[in-house]
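Both of the next two complexes hold chain A, though its partner changes from chain B to chain C.
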Partner chain A sequence: MSLIKNWKFWALVIAALIWARMPWFVSNNYQLQVLFRITLFAALGLAWDLVGGYAGQLSLGHAAFFGVGAYGLALFTQLSIPVWISLFLAAVVATLVAAVIGIISFRLRGPYFALATIAFGEVLRLVATNLNVTGGAIGLTMPSLFTGRTFWRQFYLASVALVVLAFLINFLVSRSRFGYYLMAIREDEDTASAVGINTPRCKLQSLLLSAFITALGGALYASAFQFIVPDSVLTLDISIQVSIIAMLGGAGTLLGPIIGSALLLGSQEVFKNQFQESHLLIYGVLIVIVVLFMPEGIVGGLQQLFRKRAKSPSASAQPATSGAAQ
Partner chain B sequence: MVRFLQACIDGLLTGALYALIGMGLALIFGVMRIVNFAHGAFMMAGMYATYVLFDYFRLNPYWGFLPAGACLFIFGYLCYLLLIRPVRNRSDFMQILMTIGIGLILTDGAQLIFKADYRQTNIALVNRSVHLGPFGANAAEVVSFVIALIFVMGLHLFVVKSRTGQALRAISQNREVAPLMGINLVRIQGFSFALGIALAGVAGGLLLPRLYLFPGVGEDYTTKAFVMVVLGGMGSIEGAALGGLVLGITESLTSLYAGNEWALIVDFIIFLLVLSFKPSGIFGSQRA
Partner chain C sequence: MTAAPILELRDVTRRFGGLRAVKNVSLTMNEGEILFIIGPNGAGKTTVFNLISGFLHPNEGIILFQNQDISRMPPHRSARLGIGRTFQIVKPLRGLTVLQNVMLGAFMHTRNLQKAVEESKKILDFLQMSHLSKFLASGLPLAALKRLEIARALATKPKLVLLDEVVSGLTTSEALALAALIKRLPEWGVSVVGGVEHVMQVVMKIADRVIVLDYGAKIAEGVPADVVKMPEVIEAYLGPKFRELTQ
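Up next is the complex of A and B:
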């Protein structure tokens, strides 16, 4: 058992190192930029998974945290606070926003919760569009976290760091008591509450954690692309994209969001030239296919397949699959 | 005072169309417990259908909305059979995702076919206005208001009086028992989904002469429809109609006193307030 665990651990370390070393293999900035977005959205998918996957609360308002992170970074640096401190402050503000949104929205369940999170995200988008501080519809110029000729490479490395952070958090949560509470809430909130889990608090904690990472991601993303408008960082599209990445790969799994991000953003790049502005078409098709045929997502679907195979031949295959179930 | 009343009239004229959209969404939610995130996209499809009829056959949108609505009825039924029915026993989660997926396909499909160009139907009616004392209204808005009102009344009578309407209400009251009373659940659900979509399409057709048409035009209407349905109490068809009227008037008054750009914010704030304090809706009849 420990051997298997070790084997997995080392595989992940090597994967992370290769991932971080990708700039060696790709030279031009365009490819690096695509890799940056895939990596960043993998981190966002992992962050969303804490709320959407483990706790089973369908949040469609993560753009709020993403956008607050981005706007926060821009506005705090305008107050001549150093960029890295601004980055941190922006994430803290996003966490506070998440607390407000969570306290109100978590009183609702199922579709009502999803609707409430959408409404919060949209309110923030509209407010940012109409206020002068946020530059209105014209937007803001972002401070650069990295400068110089190799800045894409640095942004890319930062996104890898973020994905590693998100992965570690998800890993620790999935193995912790807190994680089991969240999964209990997902399976049956009433029962979870009946056995003594403080369900509102657990749900809120998962949202706060998720919002913090999402805000870091949003700030990083905005800084890399240098310019933001409400319709680019606070749009419902971001919320939907993040949730789809997690669901497509497999909600509530560790590798799911990473695979989902690579598949979704990768296919978007591939089909960009054919469909141009209709690049979301491929999203729609992928969603429909996954919902119809792979309701557990790609990782979940594969796990089921393996579990069925592993059932008869030997018992030793069992821990391997359940270990991957996480 | 005149300006206030004028704003109320304008709001009411728009509100009737909103009511049509909201009733469609409420019908689908009531009978199927599915929150249709593609509702605005279906409305957009209705607009393009009406536009195509106008563009190729010179059919006036105020007639064209009828065939467009019929097309959407069939289209909605097909969507139900192929995409919604297979997931009817899955979690809310999956159903919401499915409708989001359908919405994306519709919106970006329209973008692929019609490109992102803004389109407009130039019909003479839009430039005429009707006056009554100190109040005035756009003739096109009045026409679409009357048509929408006929549909709203018709749907209300249908739901209350007809046998299918009774079956529909039975299912929305209790999905387990209704089939035991000899109601064909699948048939009624398919019918209501198609009808809800058709209503969105009709509303789209009626809105066409007054809006610029582009593939993303429906997005705001999805969220607006949610607001109406939540206002009226999820699943209550009459409530959603009232919610539509209230929303129309609120938007119009917000535009008057705070400016057009705040209208949507006020929508959402009302929405959040209702959701957090009275999730059963302000018009009471409760079955959420």
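Up next is the complex of A and C:
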């Protein structure tokens, strides 16, 4: 109802359309590939944000879902299941894997949870490296979701679709009771259970949702590059990159992961071309600057700035104690 | 005090390693009653609250809430049965606004955001903190945070609220103002168990009944005016020397 009148809604629709039209503005496949990666990782950042941002559970194991999505697609198509059905099945399997990881790891809080997720990601990497089905360290060739001369353009459009899907999910969650539950868990888990929230279940639900999208992203990514090895899709690097994207842009905000992905991957690409190996230095400095000056991330930091301007809880924040004395 | 008991503890014991933090405590509480558990620092008050609200489970004995055994129930299920609680060390959802904090309580009964807002506003009005509703909880002073704890608990529409040290750390005027509001809680259909270490002024004013704990055991029970004169209570607070003085 009010959505139609809301300028923010229309601004986002226009932004999405421009985003989808980007291939018409860039000249070659390399640039398109960069855009594809930025878009795809924006979607992954959004998916991670459900668990890491809204629910505040620092997962450093999202490569597990990314990798299971990629391997799932490859293996299901080997069973001569159509690619699109394989894609869906791969995401379902990743969700089941997330259920197992979640049920075990969510018993732990804080840094212990983060460590457990790293462990699970690494276990899966080792399993994939040592099994015959997964091709061991040699890896597997991937079926392509799109073929033909313009396949990069199609992959790009698919990544835009994924980002739109992930954004919609986060939007709906953030406006729902479930979203409030996740935020309550992030702020204080004891308080959350004191108001009747089944905290283990809510955390698990957020992880399942997140894993499903992450697996779709992993399968899409691997399919575009047509070849996977454990070290490319099940590596800790991916887990860390996804979480940094969300935190840099602003964990627990709707636009944060998108901005984080554009900034991080975009600058990585630019500096790589300019400075070769020393690009990592600049990349590192960038992260340090944001962490130092905007610990809430870019979007989070800006929001805080505006909130402070709007209503500073100083003089007017005295509680009504005087008024309460009858 | 005619209604059926809303809460009953039967010989409840809770150990932490070798320490018996709560020893064979029994108590019965009637609907609409305001009961205060008092006792010196370390007497086991907070442990009793954690046992009733499901954050801890007893080693021995049972806890009945409306004749249902809740001894082994996880906290979120106790909350859904109608046991609201506040925390001694306030646990606000710091990154959320005051209104959102209270809404989380209201969400126990509604999925609808608008409804949650309306109910929360009513409760904030009652606690005289509507003017703070848009501030982040992280910026509030202690007196407001103590109220916020009550507001959030009240929004879950509990039948029983546990107020753990809800007036400690407040100035006398703040504490008395809050006490006046606590006295009105039964209007919302809730019974109250309060826990207080030493703000006796508040207890004397609003408690229907007082239970005194010392080293985890119940040492006295009765109306406030009687309890404060009991030699055991004076000894627990002031030492054996003062017990002799009263005799």
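Everything below uses one rule, namely that the second predicted complex is superposed on the first by the 294 of 326 C-alpha atoms of A that agree within 3 Å, B and C clash if a C-alpha of one lies under 4 Å from a C-alpha of the other, contacts with A are read in each partner's own complex, and residues count from 1 in each chain.
Note that contacts are C-beta pairs under 8 Å (C-beta built on N, C-alpha and C of every residue); 3 or more make two chains touch, one makes a residue touch a chain.
Keep in mind that what you see is a predicted model, and the values were worked out from it rather than measured.
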Based on the superposed arrangement, let me know which partner A:120 touches: chain B (first), chain C (second), both, or neither? first
Once the shared chain is lined up, is A:284 touching chain B (first), chain C (second), both, or neither of them? first
On the A-aligned overlay, A:194 touches which partner chain: chain B = first, chain C = second, or both, or neither? second
After superposition on the shared chain, which partner residues are touched by A:177: those of chain B (first), chain C (second), both, or neither? second
Chain A positions touched by chain B in one structure and by chain C in the second: none
Residue ranges of chain A in contact with chain B within the complex: 56, 58, 104, 107-108, 110-112, 114-116, 118-120, 122-123, 126-127, 129-130, 236, 240, 243-244, 247, 275, 277-281, 283-288, 291-292, 295
Provide the residue numbers of chain B that touch chain A in the complex, in ascending order. 35, 83, 86-87, 90, 92-94, 96-98, 100-109, 111-112, 115-116, 219, 223, 226, 230, 234, 261-262, 264-265, 268-269, 271-272, 275-276, 279
In their shared complex, chain A is touched by residues of chain C numbered 53, 55, 74-77, 79-80, 84-85, 87, 91-96, 100, 103-105, 107-108, 111, 113, 116, 128-129, 131-132, 134-136, 139-141, 143-144, 147, 152-153, 155-156, 173-174, 176-178, 180-181
So, in the complex, the side of chain A touching chain C is made of residues 175-177, 180-181, 183-184, 186-188, 190-199, 307, 311, 313, 316-326
